[in-house]
Amino acid sequence: MSMYNLGIVKRNVVRADSAAVDKLSRFGVATIHEAMGRTGLMQPYLRPIYPGARVCGTALTVLMHPGDNWMLHVAAEEIRPGDVVVAAVTAECTDGYFGELLATSFLARGARGLVIDAGVRDVKELTAMRFPVWSKAISAQGTVKATLGSVNVPVTCAGALVTPGDVVVADDDGVVVVPTDLAQKTLDAAAVREASEGEKRSRLAAGVLGLDMYKMREPLQKAGLKYID
Amino acid sequence: MSMYNLGIVKRNVVRADSAAVDKLSRFGVATIHEAMGRTGLMQPYLRPIYPGARVCGTALTVLMHPGDNWMLHVAAEEIRPGDVVVAAVTAECTDGYFGELLATSFLARGARGLVIDAGVRDVKELTAMRFPVWSKAISAQGTVKATLGSVNVPVTCAGALVTPGDVVVADDDGVVVVPTDLAQKTLDAAAVREASEGEKRSRLAAGVLGLDMYKMREPLQKAGLKYID
Amino acid sequence: MSMYNLGIVKRNVVRADSAAVDKLSRFGVATIHEAMGRTGLMQPYLRPIYPGARVCGTALTVLMHPGDNWMLHVAAEEIRPGDVVVAAVTAECTDGYFGELLATSFLARGARGLVIDAGVRDVKELTAMRFPVWSKAISAQGTVKATLGSVNVPVTCAGALVTPGDVVVADDDGVVVVPTDLAQKTLDAAAVREASEGEKRSRLAAGVLGLDMYKMREPLQKAGLKYID
Amino acid sequence: MSMYNLGIVKRNVVRADSAAVDKLSRFGVATIHEAMGRTGLMQPYLRPIYPGARVCGTALTVLMHPGDNWMLHVAAEEIRPGDVVVAAVTAECTDGYFGELLATSFLARGARGLVIDAGVRDVKELTAMRFPVWSKAISAQGTVKATLGSVNVPVTCAGALVTPGDVVVADDDGVVVVPTDLAQKTLDAAAVREASEGEKRSRLAAGVLGLDMYKMREPLQKAGLKYID
Amino acid sequence: MSMYNLGIVKRNVVRADSAAVDKLSRFGVATIHEAMGRTGLMQPYLRPIYPGARVCGTALTVLMHPGDNWMLHVAAEEIRPGDVVVAAVTAECTDGYFGELLATSFLARGARGLVIDAGVRDVKELTAMRFPVWSKAISAQGTVKATLGSVNVPVTCAGALVTPGDVVVADDDGVVVVPTDLAQKTLDAAAVREASEGEKRSRLAAGVLGLDMYKMREPLQKAGLKYID
Amino acid sequence: MSMYNLGIVKRNVVRADSAAVDKLSRFGVATIHEAMGRTGLMQPYLRPIYPGARVCGTALTVLMHPGDNWMLHVAAEEIRPGDVVVAAVTAECTDGYFGELLATSFLARGARGLVIDAGVRDVKELTAMRFPVWSKAISAQGTVKATLGSVNVPVTCAGALVTPGDVVVADDDGVVVVPTDLAQKTLDAAAVREASEGEKRSRLAAGVLGLDMYKMREPLQKAGLKYID
């Protein structure tokens, strides 16, 4: 076994509680990110391969070398129903690590989607299958199967730390990671946040100003805002 | 009042004549940009959040600091029907300054759309509302409400100077700004340009070459173009 | 005539055999790129202007200077049915070289699509016409017609060498170039590759693992992969 | 005369007072930018062509088209001793607009430097001459002299609005623009800012913490900061 | 205390053993990264502010919000001699978080350098002080002090996970992070690697080919390499 | 032998005449590029690893896969005194393909420098050796030796086509490629161009305007330039 988390497949990963995952799946990425104190977000260069893509599940992590997708095949065996595969690369790479065949395999194993800090291909087929993917690039560039990486070790993906089993939520606005032990707190905060949104929306739609609804006039005046003609 | 155009809200901005705006709305961005001597265009990194987005209106400008969307709430009160909000930031930033709630408020005040040199979020909801937005990024990253900027001061947005009240036209090809006092001239030039397009299209569709239609053969020969077998 | 391949239009270019083109058109870009030993791909920054765009044809090449689209008009006359226009620029440029009128002309001459290492405009109209375009940018920025380039000389476009008459295949995954004399070999290799895909897909869909199907367990073990609990 | 500020050379531009320019030249870009309420900065992609480059002078503005440097020759005649040439382009472009010969001419006319939202070349020679340049790129790519732009019209350069005659200050940290009528206020605020820096530096060097010097402990505690072991 | 690692300052962090740090400081970043199985590297967009910058020390981590450098002042108090401050931001940001005054304070507290996934300013002064900094950008853009982040929590910086107390090594080639418990193994592997370099260098300098020295001829032939005339 | 130029080493490449190379070495990249009708330039993202780097020699080309530098060792054996190694990669990659040991070997074989469309490392050592390198990135990221590429096949490097034996000239302004059979013509045109530069420089230094020296006043007036007060 190599040191430094390379050449390792961790098998018995504790996933976030499925009830918590189900509840988190009702919220959007922006809401969850705010509920977490504006943390946990991956960088915005990760984009869904089709509009409306959406996923919520438990992270199965993969660490790979540039231009080498061998570990995605190793990962397939570790997938449990409800997992979202989160694939990180040890250096910047836009090659197409993932396509239709791997997606077919992942689906058969119960995966809900893929978040990858690299490129993917067969996007027409993936879109037809409605297999949701967030990636850094779309590229037909193939990869080799030559060097060991790891499965289910902690990885940093697009700037966010992902521990195997964490909850991953992704939609058109991006990807957010909720650590397992914070899932309940995040749920509570998200629920509070969303509870008030309906009423706010109605009031704003009726022409009420945020200035009044959020009581901003006084702090703005204090900060020195001047209205001129 | 702070100096340097910070902390100011200008209230009685003269908007471009609504008849001129209506007439300009019939032209595409490329046509208007050409009619202006190939000037007035924002940089192409601003992209619509959904295909087919299109807007034409009078600029209500907002100047903000990185990561701080406070002034969008101040701007909401200043919106008049027909306005397009043009939001600039004093430094590069991709955070999500704008989402569904602000869009609801802007719509209620009569705004026709948003052009922002930063990020936005809730793009699924904004798309469902058909609220047209051109932005530099899509990001769930939230912002704070801590520092004063300004409303209705001249701003530079994605490389273009925008004076409050200017006409802003945006479509799939980008965003162009027409200064108020040039609206009529631009209209005239755009109309001339477009008048001849229908006939040109028919001729080209019939197989006539641009080489002949635009009489390019002589200047090409003069420039030294050589045909070889 | 200028030296260095400038100011030249080559007329009698031998195109790849149309039967080979037809056969290649049945394969995706990723498959062809793999069949070529993972070569021939243009860089992934070239993107189709609408999802599902797809083209296969013979390359008619154009070499232009930054901000100058004069040679596209010269190229129109050289188009033969089945051609895909491949446009390169001598320096980085995102200007909108191509729009609806040129597309109308190209279509009338029998062109199947455009691959351009620069920007295009009128993307709404091009999309409505279903004229497939792969470009580096979408920009309303107009160009001039002032300096000679060339038509049907070898060019490098988005990192790939294109010789006039080569087969160009493009889809959602990118753009690949098949040299004329390698078309048959590539066809054979692509066919072999695809023949086995259907069966692989069925097996993976049934839950068989790539680890077993591709006999990866032994090489992984040899490489030192360790499973831990 | 073309409309839209193209094809215009404005001759009698009022420059900022030379005494104010001299005084501003003693401050760094960061200090001036802060003194202006954190405004006026060009985007950080503009970089000096050699470390330690530094300039302060009055803006002579140039507006050009992509790939066309004709107006730099027109601008040379308008240079007055103490000017810094600020060159903007109507679209993104990295071509080498400026080199040793133009620098020789600019120097002979009394120019102090160049800020250009495009590329330059002959950087070895420019460095040897100690002619300070801030640019977006270094590129040997040549330009044509074919299309009119303007001299001494307001331009937006790297995101900042520059009015002819404004004070431009540039150093290793970037480029800042001080509007003529704000020069005195900016000077005062910069002087206040800098006056306290020496003492602060001494105290910090002696090990005093910013937490104490800026009295941050209370607001941090109020905001909820927790120290844990 | 906020949840999610915000608003926390961890005080008693166990640093990597100083003897191990001293030994690691003798190796370059490339050697250490190879010794770690090609892992641990930050992304190459982090660049030193002056050529020849070099640092090795224990990580004191800081997590901040975009455009807000408040926590750098909090971090100053936690610095122990030999620390390298590693500053991460919750979203992409190029603002100038750090300058001469903070560097003076950091130096007085015993810091050896700064690695920051954002911008810095006063680079001329920092260079004169020989205070080594690796940053994503150089920008005069100022920041506010308004929102809590954290000190000495695990952060992801430029794609690498950094746990407080880890060894951070940076030079002209980039930045690498060595987890505390792997410091000894990494040292051993780096020493082995470097021990053979002197001899290799001599042989290569004498004209011996890597093909022979590394015994590559057979595997190349096996892989099918063909020499042609 | 693999098809598609992979797995091939071409041995007896005809190099450009050494007298022509010597003469070309006296000109800068910008001059040569202009002498070639503004063609032949690599893209400006290739930058020298130290200021003042300069090289002129005959191209020995290498084609590699992303993250795999095996063929650089194969290339070393093919180097002849006076060669400049030009290394292309089949996909975008910033990994560090080349460092001190390979440079030692290349120097021993008579190589004059390296142009690589990827990353390099050991830049401090390479700078100390004054081994000139132009690269896309500086990165400590290591590579593998697993897949065949080719040596001395035509490649596209940073947007330019390079045929083995071509003349490659590189300096602070970039990299230009002169095809073997155009070397003499280019020399002649460059000599003509440079012959007049000395006199032009003197006149411009004396205050003569380009407007007069290049007789631009009439064409500017014809184009409609207006001087206003």
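Every chain is named by a letter (A, B, C, D, E and F) in the order it is written, and numbering of its residues begins at 1.
Just so it is clear, a residue touches a chain if its C-beta (ideal position, glycine included) is under 8 Å from a C-beta of that chain, and two chains touch if they have at least 3 such contacts.
Everything quoted here is computed from the prediction, not taken from an experiment.
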| request: Can you give the shortest number of steps from chain B to chain F, where adjacent chains in the path must touch? | output: 2
| Joint neighbours of chain E and chain D, given as chain labels | B, F
| task | Moving only to chains each one touches, count the minimum steps from chain C until you reach chain F. | result | 1
| field | chain C against chain B, contact positions shared by both copies (same if over half, else different) | value | different
| query | Pick from B-C, A-E or C-F: which pair repeats the contacts of D-E, with over half of them the same residue pairs? | reply | B-C
| note | Between the Cα centroids of chain B and chain D the separation in whole angstrom comes to 27
| message | Centroid of chain B to centroid of chain E, CA atoms only: how many Å? | response | 42
| message | Using mean CA coordinates as chain centres, what's the gap between chain A and chain C in Å? | response | 32
| remark: Residues in chain F with touches to at least two other chains are numbered 2, 38, 41, 44, 65, 90-92, 94, 139, 141, 147
| said: Can you give me every chain pair that touches, using the contact definition above? | reply: A-B, A-C, A-E, A-F, B-C, B-D, B-E, C-D, C-F, D-E, D-F, E-F
| request: Over in the complex, which chain C residues touch chain F? Could you list them? | output: 2-6, 36-41, 43-44, 65, 90-92, 154, 156, 159-161, 182, 185
| request: Would you pull the chain B residues touching chain E in the complex into a rising list? | output: 65-68, 90-95, 139, 141, 144, 146-147
| remark: Listed in rising order, chain A residues that touch chain B in their complex are 28-30, 33-34, 38, 41, 44, 47, 51-52, 171-174, 176, 197, 200-201, 204-207, 209-211, 214, 216, 220, 223-229
| query | In the complex of these two chains, what residues of chain F are touching chain E? | reply | 1-2, 7-12, 50, 70, 73-74, 76-77, 94, 96, 99-102, 104-105, 107-109, 119, 121-124, 127, 137-142, 145, 147-148
